[in-house]
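Two complexes come next, and they have one chain in common, chain A, joined by chain B in the first and chain C in the second.
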Partner chain A sequence: MRLEPRETQSAAMTLAYPVGAIATTLVIASILVMLAGASPFNVFWLVLKGAAGSQFALIETLTRATPLIFTGLAVAVAFRARLWNIGAEAQLYIGAVITVVLGTGALPLPSAILIPVLTASVLLGGALVLLGPAFLKIQFGVDEVVTTLLLNFIVLLFVSMLLEGALKDPMGLGWPQSKRVIAEAQLPRLIQGKRLHFGFILALASAMITWFIMKKSTLGYEMRAVGHNPQAAAFAGIPVNRVLIKTALLSGGLASLAGYSEVAGLKGNLTLDLSPGYGYTGIVVAMLAMLNPAGVVAAAIFVAGIFVGADAMSRATNVPSYIAEVMVATALLTMVTAIMLSRYRIKWR
Partner chain B sequence: MAIMKKDEAEPVLRLDGISIRFGDVVANDNISFELKEGEIVALLGENGAGKTSLMNILFGHYVADSGTVQAFGNSLPPGDPAAALTAGIGMVHQHFTLADQMSVLENIILGTEPLFSLRQNRAAARKRIKSLSTDFGLQVDPDSAITDLSVGERQRVEILKALYRDVRILILDEPTAVLTPGETEALFATLHKLVANGLSIIFISHKLHEVLAVSDRVIVLRGGKLVKTVPTGTATRSQLAGLMMGAELEETEFPGGEPRSVMLELSSITTQRSPGRPALDGIELRLSAGEITGVAGVSGNGQATLAAIIEGGQRPDKGTILINGEPQEGWSARRALACNIGRIPEDRHAIGMIGEMTVTENVISERYGSDRFSRYGILDQRACEEFAEAIIRDYDVKCPSPDIRVRLLSGGNMQKLILARAFDGNPEIILANQPTRGLDIGAVNYVHRKLIEARDKGAAILLISEDLDEIRALSDRIVVMSKGRLSPPSARGELSIAELGERMAGRGDVWEDQKSGGGKYAA
Partner chain C sequence: MEAFEILLNASFWVAAIRIASPLIFATMGELISERAGVLNLGIEGIMTVGAFVGWFTVYAGGGLWFGVCAAALAGAAFGLLHGFLTVPLGLSQHVTGIGITLLATSLTYFSYRLLLPEVTSPPKIEAFAPFAIPVLSDIPLIGPALFAQTPLTYLAFITVGIVAWGLYRTPAGLAVRVVGENPAAVEAQGISVTLIRMAAVATGSALMAIGGAFLTMSAFNSFFFEMINGRGWICIALVVFGSWRPGKALLGAILFAAFDAYQIRLQQVAGDLVPYQVFLMLPYILSILALIAVARRATYPKALMIPYQKGER
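The block that comes next holds the complex of A and B.
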């Protein structure tokens, strides 16, 4: 068996491979479903219904997709320039911390001013979180996979410390949780009485802006050049280190918006279970989207749909909702395989 | 009647009707030939003629679409490199496959012994290697680390590696590309000793004089087909060139240039050795407008560092770079571009182009930030595409659209893009580092014409090349690089090939006065 690079990639192929990847994922998942003693068709139907079968389901899916769009964009941007940011989780929590520090009464401003100020502060804070690993990488060649990954644990413990101390809500009956953000800091709900909030619009806008930067701007051009071939980029006079710093700032900022939108749009306060791993799932989302910012939105909704749908499904059958995690992980593997197959052909013999 | 005997001998290797296609390209088209015992057969052909794919099929790296390979009367199973090795076929690749940190001895026995019994066999191995080296003139210290060896010595290790495995058929892929003329002579002597001992050799090359000097028979490939087999005794240089290129070779004689003011000056440039970058020792160099200065030398003697400094990829530890008489501060690739230096890098795949990006994206890479291609940080897609289309038209680049990825282009077309990018804006200084390596003859001529054209327009050109013929054909002045130093310049035609070879090997009195570094000669 041998791999040969393909010379061309037809448009049909770029479409067929992701579809094939998802079909393969369903086949693999059905094996587990059958082992759990249920009918795959029934289970997948219930997942679909739970994810998009009603207004409630749809709103729940989009709400769950919101933080994933932010973290997915953060990862897509960084990976494009080969800056392996595994630390979206940490950046998300820093975004949440800044929201709580500034949004629980420290800045008594009207909504129209407070929300932009918060957005800007969170962007800046998240950007600075990734600046450290980027600097270490450039200056000393320290692997950013290690630094960003380990920073996740440091930040999570730091947040835990804050919630037991400085940021602890005195009225919280001893629970490690922060005070609630003031009404002026809250992101408005899109539909009265439903959970979907303005953060979703912010996520879509971020996706559009990111897409524009990546496709149309000189910065996006520089990032792609540095990602594909840093030596050639340096030869052409592209300031590789400066591009990596800018990439880090952009990526860290985007990830921190996820924390902001979760606290100010949905939860209202900061707890240690704010994110069930949105930072890590962002990597899956970005890979499924093949690092394309527009694709990130679709991939985030897909992944969120599986989680939301699986929750609903497990209430109706005896298949545990963990199947969602298996499906998402399998989708990542099949997608990576599909990307490889779309670029190489296998020759047997 | 020794010659008659050779002809009657049973072939040790027989290739029969080998064909292979890659997409639309027929790399080998029904190729058959035989190799007899004690014979040196030269496989002659331009890059892309099918030499490498033929050898890859022989070695089982590729599987032929049709055809068979027989060694010593037995068919080799297709797609099985181990079978070729067991059958006694060995290959010395153009790019050596040695473990740098290990010793010569370790490299040679690597893979021939079971892992846990290495110790006790060392003495025997050392003895065997010693006797092989003396028998065949392959002097090398078995205990040196590969890193400390010269390129010529490394090649000897590769040959010893093959001999140690008792190969009966030895294939050498462009073995002289990295050698000085003197080392080449020594290699040829070794090859003659080997065939006298019953080995058979396939010598792959595109250099006519070497093929004529070393082989018994010449097999000429062109466009994937075997054009003709010629006994070396009756072959002439122009006949072979004609067969290889499909036309009689025209030996272009380029007129000399008219030097004017000094555009670039390097003054006592010195750098420390670093991985992949040999040291430079007191380099003095002046490039004048309207003149091509050729740097001859065996690769690895500091040319890469010299090029990196002019390109802006490295700053010298000591010494000054002067452009138009102005000493430069904060030297970088950007500064070099701002000083209107056009740069043709040595390795077009690794640093010249970004294979995964499109033609358009690649040709704008040195100027995307200028007003011509972007405003307020937003790329002007139209302007970029029009620029790429103009280049494709003017330089006759074979590509279906400016939107395809550069890695799909041939080497010659890629080089055209690099030339176009470097020559855009009429550079006053041009660095051409190995500008024709790996190109076919048409593309080589094209590059040469463009360089002469630029010189006649008044550019100061530095041409670094391992191809002495190219240096001698194009350069108005020649300097020789050896061990990080530059010889004083000599005018075109002043030195014979033998004299250049002496200088390339670091011998001769031109080097004496420069021992202390900071040479008094100003090249």
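The block that comes next holds the complex of A and C.
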């Protein structure tokens, strides 16, 4: 068997393959659901209802999508330039650390100044976290996949150390948690009394800015060129290393905003379970969106819907909520396969 | 002074070899796969699967060695999936590998919750017991470390020998090595690149799964979430550190494990002065430093991460 590039790509085909990917994912999930002794239709209905069946469900889904938009954008930007940033988790936590270091009273400023200052500091911190692996890649040829993955573990231990030391809340009854951010640092809620917060708007704005950078700016063009073929890009006079550094700064910064928005918008303080793997899920979100910043928003809401819906579903049935993680991982694999099949034709010879 | 005395303690070396064992299995698995030109980032998830399947098989009444085989088969199945997506379909090895890790891990956790819905703490099994080889295990210092371990540890060392012999002394090993350097040359000999690569990824994944099973069947005797804890990623670093050679990779794994065992003991000596998290961080930092040290002279298999298409240059 071999693969041949398709000469033409009809609109129907570009639509049919992703739909096929989702269908395959649902079939695999159905098998698992039946193994758990439940009816797939009932389970999927409960997931859908839990994700979008009420105002509460919708708000919960959008709230859960917020950090995923940030990490999804971070991964989309990096992967576009073939900078394999698997460390969004670490960058997220550094963003959260900076938020509580500066936002719990160290800077007594009014909201209108404090929030922009925090945003800028967090962006800078996250950018610096990814600068390390990018530098090692450029300078020594160290694979950034391994360094960013290992940094996730190092940063999580670092956060654990801070939460039991310098950043520990003295009123926290011994729990490893930070103090709460001051009122001026909090991102306002979008609807009074609901969990959806200003971080969601920030995420949408980030997606728009990222879309603009990727599609309309010289940097975006250079990133795509480097991702497509670094040798050719260098030959065309594109400063490959400088583009990679800029990509790393942008990607790291975006991921760290997830930590900022979770702490300042939702949780109020930093704990070790701030992120249930948002950094890794960001990879799925970015791939489902085919690395398109606008698609990231839709993909993040879709993935968040599965998680929120599955949580609600598992409370009503005996299907473990881990079905959500399985579905998301399956969707990733079926989607990359579908994208490939829409571009290539398989010849059995 | 105390910090140095740790090294003269036989129990330290016993621990070092025990910590090294799962890393040796998984590193050999990743090495075979990468020598054939396929990066397998599914390693972390495949180790999780192996840890669960091996342990659960025994818990459900199977024998210990049967459990090891079941783990290997489960690992090979995920390896075949990774191989199918990356070799004939030529998908990105990075993205697919991460996908395999996410899928394998989530399927494991799903199965755990499904198969053991009622348990609050993971049940224990009768794990592999240490088996002291007569005479040899009486050698001071290294005797207990090398010759009074569980059978799975011995198997880890035997695996290194088999992998080294297989890669350098057999036609199949030659094919694997060339497929990772110059696949067109293998195809020209009438051997299928796809077949060799798929076989290498599946075999490698079986070894990774046994590495995972070591944790639940030899090092400990039960399964808990997140127990792989980055060991798979460490093994990716060890393969680079060992410049894709089984012997060097073995040395790297033992050095790493010795360091890990040392850091655990140092925590007890110097734990009041430095937060324990610093010690736990050290192995990961060491891995990054080791990568920097060898990066300049690392010679990657030339076709690593490059999908092969018949008739294409």
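A few comments on the model shown:
Criterion: the second predicted complex is superposed on the first by the 348 of 349 C-alpha atoms of A that agree within 3 Å, B and C clash if a C-alpha of one lies under 4 Å from a C-alpha of the other, contacts with A are read in each partner's own complex, and residues count from 1 in each chain.
As a convention for this text, a residue touches a chain if its C-beta (ideal position, glycine included) is under 8 Å from a C-beta of that chain, and two chains touch if they have at least 3 such contacts.
Because the structure is predicted, anything quoted here is derived from the model rather than measured.
Contacts of A:V296 after superposition: neither chain B nor chain C is touched. Once the two complexes are overlaid on the shared chain, A:V47 sits clear of chain B and of chain C alike. Of the two partner chains placed by superposition, only chain C is touched by A:V328; chain B is not. Contacts of A:F235 after superposition on the shared chain: chain B is touched, whereas chain C is not.
After overlaying the two complexes on the shared chain, residue contacts for A:F153 are found with chain C alone; chain B is out of touch.
In the overlay built on the shared chain, the residue A:A225 is in contact with chain B alone; chain C does not reach it. Contact with chain B, but none with chain C, is seen for A:S217 once the two complexes are overlaid on the shared chain.
Touched residues of chain A were counted for both chain B and chain C, and C has more of them.
Common to the chain B and chain C contact sets on chain A is no residue at all.
Across the complex, chain C is touched by residues 1-3, 32, 35-36, 79, 84, 86, 136, 140-143, 145-147, 149-154, 157-158, 160-161, 164-165, 280, 283-284, 287, 318, 320, 322-323, 325-326, 328-330, 332-333, 336-337, 340 of chain A. Note for the complex: chain B touches chain A at residues 23, 63, 78-79, 311-313, 332-334, 336-337, 343, 345, 350-357, 361, 365-366, 368-369, 374, 377-379, 381, 408. Contacts from chain C toward chain A in the complex involve residues 41, 81, 85, 88-92, 94-96, 98-100, 102-103, 105-107, 109-110, 113-114, 117, 229-230, 233-234, 236-237, 240, 275, 277-278, 280-281, 284-285, 287-288, 291-292, 295-296, 298, 309-311. The touching residues of chain A, counted against chain B in their complex, run 7-8, 216-219, 221-222, 224-225, 228-229, 231-239, 349.
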